[in-house]
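The block underneath contains the structure these notes are about, expressed in C-alpha cells.
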C-alpha cells in the first residue's frame, strides 16, 4: 500500500488506527532496509510475517510476476501447478545465469537479490562462527560432494599438469567420489592411530607430495567434521605443507559450521598456512532440507571462479530455505542452537559413558572430534558380527548410529578400501558412533541411551546363547550402514 | 484412518454417510495403487487433494516424520523453520545417496519412492512424446548445462584417451561451458547457411573426426531446440557418423520435449545411428521453476553411470515439482498443452509475418526450427545498431525476444566467437527472435505483436531522424541479451 | 521495500533490472490504490500474488503483528498453531466490535479495512448483478437463516406490538426456523398451483394481513431462489402490499445473486413497492465455503441496525474468502460465471427433457424459476415410493437432486407441514429436481443425465418386478433428503 | 496407500525400508483410531504432520472431494479460488444442517466427523479444566455475545411469560446487547463495593426476583472472567437463588477456561444450586482467531436445544482452528499453558506493584479476579482526565490496558450507564487494568511494566506542568477504550 492508499483508507478506518498499522509496516521496512544496507544477519530473528512480506516483495520483482508481462522466450518461469507455485512463492527463474551461478538475471531482479542476500548472510554467519578470514562465499544448490567436485574442476585450468588429489582417508563416499568424478586420481593417506583416535599422517602426506612432484598435485583435500574415532584433520600442519609446496588446500567442512572447534581450526589453518576454500552442507548446518552447500574462501576471486564453473541456472530452493531459516533464527538464535549443541555433546558423552559402563564397554577418547562420539564394542568374542546391532537400533527408531565392525571391504571407482567405514585398514576393535548434531534435543539423547541400553542387552543375550548353541550369528538386514551418514 | 477408525466413527456419523467417504478414499487409493503398479502417467490429471494425500503419505514414510524417531546422526532432516517445513511437505532427506542420485535411502523410504516414481513418470511422458526408444531416464536437480557436464564426465573412464568434444556451434553459453568445465576441449563446427537457415555441417564434422582421430573424441554434442534462424541439428546424419566412428553422441534437447518434431528427430537418430543420451530441462518443458534436468537414454546402464557420477544427496525440490505437475496434468493434459503450443507456433508465425510486412521486413524461413521464429531487421541502413530494440521491448514488458545484430564478439573459456548470438561468424543481416513455448497463450501473442509493432515504429522513427541529423544511434542499456534465454 | 531499500539493492543488482521490479510493484500498488479509492470490484481479476500482497499488508496493520507489540488485554489475537496462523494470514482479531459487526477495531486496522472493503465489493457486485437500488450491504459470518433471524430481531424495537411473520410457504427448514428462533409466529401462506408451478397467493396474504391487523405483523418474508416446481415469489405484488400496509418486507434471496432474473425481480419490487432488505448466502453465490451471508438494502440505516444486532466480534473467515474470491474473479470473471450458469440452465433443461422423454416423463414448466428444474415421476403406479431413487443417485455420486414424493409430514417448532418438501399440501405427483447453479460445468450435466437415465431404468425395472411380485417397494436408506439442499 | 500399493512399492524401494514407513503410518493411524474411539484430547500434542494427515482424510470424505462426484444441487461446496481452497483444506460444506448446527450432513461425512470430534475434545478439556459436571458442549461459530443471545432465545419457548433477564452489572457491551437483541429486558443489579472489589449484590437480586415475579424472569446471567476491580460473580449463591426460584442460570465464562478458579466456581455453583449453561470464547481461551464460542452444560438436552436454535449451516473455520490447536497442544500442553498463565499472574502482580509503588499508587486488592489486575490512579488531582494515558500506552505499542476514569456515561439499547467502564455508578477513583491472559510471556510483562513506568512519568510531568499553567489537560485521542476488550 502506497501513501495514497493509506489516505484513501482513512475513509474506511480512522487515521489514528491506520497510523499504528503504517508505523508497524515502516518498522518492518526499516528492518528490511537495514538488511539490504548492511547485508548482515540481524541478531534477533524475524517473524514469519516479516519474512513472508520480503519474499512477496522479491517475488513481485521477477518478470513472471509483472502484471503486464508478455513472455516470448523459451523460458518464462511459467508455473502450471498451483501447489508448485505456492511452495515457490511464485519465484520461478532460479538463481544464476548461463555461465555463473552467482550472476544476476535481467528477468529476475527479485530472485537475484534473494541470491545475493543469502550469500551475504552466509558470509556473515560463517565469519561469526569463527572463520573470520573468510571474505566471500557462495551457496551452490548441489550436494557437498558435488561442490567439492566443482571446486576441484575449477582448479584445473590454473594447474594444467595436475592429476592427483591428496586425500587423508575419511570413509565417506561422496567426498571420495568427487575426486573420481572430476577425473582426478586420489592419493589416499592412511590415518595414524593415536590412543583411540585416528589422526592425519602429515609426514606421509609430505612424502607423497615429494614423490609425485608438487605440480602433479591438484589439491590436498582435508576434512574437519567426521565420524569418531577419526578426529578432524591437522588442518594447520596441512596448511603449512600446502603453503610450502604451493598446492591448493580444500577442506571438507561438511557439518563443521555448528562447531566452534571446527571453525577455529579453519581460521588457524588460514593464519599459519594455505587454505583455498572450505565447503559445508546447508542441511547439516542450518536445519534445512538436503540440497545445498556453501563454498567459502578468504579469496573472493576463488569463489568467483567456482561460481562460474556451474553451467546454467540453478534451483533457488536451497537459497530460499537458508534465507528463510537464517532470518527466522537471527544470529542470536543460531548461536544459541550451537551453544545447545555443545552442551548436548557433553550430555551425550556422559549418558553414553554410563551405558558403556553398564555393558563393560567404554567411550573412546577422541578429543579432536567435537561432534561424533564412539563407544567400544568389545564385550563379546572378537568374532561377533556387531553390524546387526545397527539394524536392531534402526528398527527401534534410532536413526543415525553407525556400527563399525572390521571385515567389510568396498571398492569405489576402482579403489578398494579395507575395513570400509572405519577410516582405517586395521582399527583394533568394533565400535558404535552417535553424534550430537545441531537441532537435537536432550529428550532424544535420553531416549537414545535407554534404547541403546536395552538393545545391547538383547543383542548380547542372543549372541551368548547363539555361541553356546555353536551357531554362527544371523545378521538380519545385514547392513552396517543402516541410517549412517555415508 | 484405518478400518477400526471408520467403525469408531460410526458412533458420530451414520455409516451410510461414512461409507461414501470411504469409497471416495478407496478410489483415491486405487489410483495411487495403479500409479505404483504401472508407474505410468495417468491419462487424466489428478486433483490437488489426491496429490496432497500421496505427498502426505510419502512424507510420513521418512524417518524424520516417524513419531518415535530419535536421531543421533549428523543428518537427520530436522527442519527449523515452519515456512520451510511446509513448503517441503516435511520432506527433508533429499534424493539419492552418497554415490548415486538415483539410489534409495534407508532413512527415507518416502522420498526414495517419490524419486523413483518421478523418474518413471518422466520416462513415460518422454516415450509418449515420441522418443519411444528411451528405456531409462533420471531427473538430476541441476541445470541442463550441468547435466551435460556430468554426462561428459561419466564418459571419461570408458574413453581414457579422449580430449575433444565435437560441437556444432550453438550460441548458448551453458552448453559450451559444460565442455570447458568438464575439462575437455571443444571442437567448434561452424554451421552452414541454407536459405535463411543455419544447419549442421556434417561434412566438416567428419573431416574433424578424421583429423583428430576418433579415439581422441569424447563425444559429439548436438542440439535440437535452439533459437532461429538456426535449425535443429541433422541428428540422423550425425548419429550415423557417431555410429560409424564409435563416438558417443549426446544431444542437448533443452526444451525439445514440448515439440513432437524434436522428439521424432531423436527417435529417428537412434533408429539409423548412435545416440547415447539426450538431456532436457524440467522447467522449460514441464512448467516448473528452474532447477532440474532429465538425462534420457535407450541404454539403462548409461543412465546408471550418470546417476552415479553425482557425489552426494541432492535437493528433492525439482523432483517434487515435476511429480506434482505431471500428476496434476495427466498425459492428456500434457499432450493438450503441446498441441496448443504447436497451434500457437502457427499463430505467432502468422501475426509476426503481418508485423514484418507492415515494416518491410519478413519472417525468415527456418523449417527445421519448430519453436523459435526469426524476423529480419533490414529496413534501416546496415549500420544501424538494432540491439537497442531489445531493451526497448524489455522496458515495455516483453521478455524473451532476442535482437541479434552482427558485431559482438565473446570469449568463453579462452575461445572467441565472432558475432556471438547468431550461431554464425557471418549471418547476412540482423534479426529478432520470438518463441512459441509451452504454456504461452494467444493473448500473449496478440499483445506481443502489438507492442512489437509500436516499438518498431518508434525505433525506426528515432533512427531515421538520428540519421538525418547525422548522429550515430545511441544504444541505451546496450545489451542485446535483455531477457534472452542464454 | 522502501525507497532506501531499492537504493541499497542497487549494490547487488543493477538498477535497470530493479527498476522493472519497482515498476511492477508500483503497478500492483496502483491497483490496490484504485481499489481503496473507488471501492469497486476491478473488472479484471487479480493474480494470487497481488491478492497475497494485499493480505500481507493488511495483516501487518493488526496489532498482533506489530513488531513491538505488548499485549496485556484478555484478547490479543495470539495464535498458537502455525497451521492456524498460516490459514488466517496471521489475522486474528476477527471483524466488528462488541456491539457492531461492521465497526472498526482500534487494535485491528487491517482486519477492519478488509471488512469494509469486502462490504464495498459486495455492494458493487450486487448492484452490478441487477439490484441497482441497493445502497448498503453487510456480510455477516452466519448462515442465511441466522441472518434472516437477526434481520427479524432488528425489526422488533420499531414494531413493539408485532408478533407475526407472514411467510409464503417454502419448504426449506432454516428460513422457517429463523422466524421461530427469533420468537415470532409464522403465518403460513400456502402456494397456488398455476400449471405445473407453485406461485404466491397474494390474495390470501392480504386477507391474512387484514385479519391479523397490520401492526401485529413484523414482516413479510418472501423468497426468490427456490426448488422447482415452486417459482420465485411475486415480489412486486407483495412489495405493493407491503407498502400499502406499511409492513416491512424481507426477501430470502439465498442463491439469487447468480441469476439476473432474481436480481431484477428485487429491483422491480423496490421500484413499485416496499422491500426493506434481502439476504443471500456467500457460499451459494460466490463459490466460497459455507459460512456467511449478506444483508442488502436500499436503506443504509437498516443495514446499520442489523449490523448492530450482532453482539460481539465475529470470524473474519467468510469475509476473507469472499474478498479473495471476488478480487480473483473480477467483475468480468463473476459475470462470465453467471453467463455460463444461464447457458447451463438451458443445457440442463434440454438434456433433462431428453431423459424425461425416454422414460415417459416430462420436465415441468416453471418459468418463474431460473435455476432449479423439476422432472415429473409419474410413469409408475401412483403408489410407488420414489424417494428411494434419491438414495440410489446419491450412492452413484450424484449429489443435490431431490426426489419429492407425497406423504411425508414434518413438524418444525410445533407447526406441521403436509407433504413437506413439495411446498404444497397437495402437489399432484412426485418429481425430481436438479439445479443449474454457479460453478457447475457442462461435463457434470452430461454425467448427471447419463447416471439419471441408468438409475431410472434400474429403479423402474426393480419396481415393476416388485409390483408383479405383489411386494410393496422397499426404500433403502429411505431418506428423501439425501443430498438435498434443505 | 493401501496394502497393494506398499507391495507395488517394493519394486522400487526395499521392503525393509518401506516397512519402517508403514509402521510409522500405522502408529499415526493408531493415534487417530484412539482419538475416534475415546474422543478425548490426547495428553501429548500431535505433530503438524499427523494433524494434516487427519484433515486430509476428513476432507476426502466430503462429497465435493469425491473423485466421481457430480453436483446438481444449489450448494455443492465448489470453491473457486485456490487460495481459499487451500486455507480450508478443501472443506467447503461447513458444519451443521438446516435446523441444527450440531447435526451431521449426508454430503459431508468428513466435516461432520470433524465437528463432532471437536465438540468431544472441548468437552474433555472443559471437564479437565475443572468443570467436571459438564456433560455436553457445542462450539457455535459466533461471538460469545451471540451465543449468549442464542442461549436466551432457546429458553423462550419453555418460559412463555418471561420478559426479564437479571444481570449483575458488568461493563462489557456485547453481553448486555445479547439480552436486548434477543428481545428481553435487562434488569441491572448494581455491584457492591467490598474493599477495592466490586461484588455481586445477591440480596438485591433476590429482591428484584420477588418484585418481578419469578415466572417473568427468563434467566439470570452472571459472569466469571471480567476486568478488575470487579470480581467474578458469587456463582454459588446465585445458583442457590436460581434453584430456589426455578429460574435458569446462564454464565458468561468468556475467558474463564484458562483459570482453574473460574472453572471451580462453575463446578461449585452446579453442586450447590442451579447452573443451566455457561458460555466461553474460543479465541480467548484456546489461542485461535476470533470466531467461535462454546456453550457447555450439565444437561445434554439443553445443548441440543441451543444447537437447534441456529438456523442453517455454519462456517467450519472456528471448529477447524480449535481442532488443530487442541490436538497440537494435547492436554498436557494446554495445562502447561494454564499453569504458565497462573505464574504470570503472580509475576505481573509483583511487577505492577513495583511500578505502582514508584508512582505513589497501589495495586487494588481483588482476590476474586484471577486474571485481571487493577492499579489505582490517584496521585494527581482528582480532576485529572486519566483516559489520555490509555492512548499514550497504545501509541507505545501496549495493547489491552484499560484506563477507567469516572465521568463517561453510555447508553445502550435505551439503557444509560453512569461511569460506563467501571462496572459501578460510583467507583471511588480512577484506575488502570492489565490482564495475565493465556499465551502471554514474561518478556511481555517486563516490557509492559517498563513502558508503563515511563509513560506514567511522562503523563504526570505533563499534567503537573499543565496544572501549574492553569490549563485544563488536553486529552489526545480521548478514547478510554483504546485497546480495551469491550
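We call the chains A, B, C and D, going by the order they appear; numbering starts again at 1 in every chain.
Here is the rule we go by: a contact is a pair of C-beta atoms (placed from the backbone, for glycine too) under 8 Å apart; a residue touches a chain by one contact, two chains touch by 3 or more.
Keep in mind the model is a prediction, meaning the values are calculated, not measured.
Asks: Which chain pair is joined by more contacting C-beta pairs, A-B or B-C?
Replies: It is A-B, judged by the count of C-beta pairs in contact.
Asks: What's the farthest chain from chain C if centres are computed as the mean of the Cα atoms?
Replies: A
Asks: With touch defined as above, tell me whether chain C and chain D contact each other through largely the same residue numbers, more than half shared, or through different ones.
Replies: same
Asks: If you average the Cα atoms of chain A and of chain C to get two centres, how far apart are those centres in Å?
Replies: Centre-to-centre distance between chain A and chain C: 55 Å.
Asks: Between chain B and chain C, what is the separation of their C-alpha centroids in Å?
Replies: Chain centroid spacing, chain B to chain C, equals 47 Å.
Asks: I'd like to verify one number: the distance from the centre of chain A to the centre of chain B, where each centre is the average of its C-alpha atoms, in whole angstrom.
Replies: 29
Asks: Which chain A residues sit where two or more other chains touch them?
Replies: Each of 16, 20, 48, 52, 63, 66, 68, 82, 106, 394 in chain A touches at least two other chains.
Asks: Spell out the part of chain D that touches chain A in their complex, as residue ranges.
Replies: Result: residues 16, 20, 82, 86, 394-395, 477 of chain D touch chain A.
Asks: Which part of chain A faces chain C closely enough to touch in the complex?
Replies: So the residues of chain A in touch with chain C come to 1-2, 4-5, 8-9, 12-14, 16-18, 20-33, 36-37, 39, 47-50, 52-54, 56-57, 59-63, 65-68, 82, 85, 90, 104-106, 109-110, 112-113, 116-117.
Asks: Please name which positions on chain C make contact with chain D in the complex.
Replies: 48, 51-52, 63, 66, 68-84, 87-88, 91-99, 106-107, 141-146, 148-150, 153-154, 156-157, 172-175, 177-178, 181-183, 225, 227, 254-255, 281, 283-284, 286-292, 308-318, 320-321, 324-325, 328-329, 337, 348, 371-372, 394, 397-402, 412-413, 434-435, 437-440, 444-445, 447-448, 451, 479, 481-486
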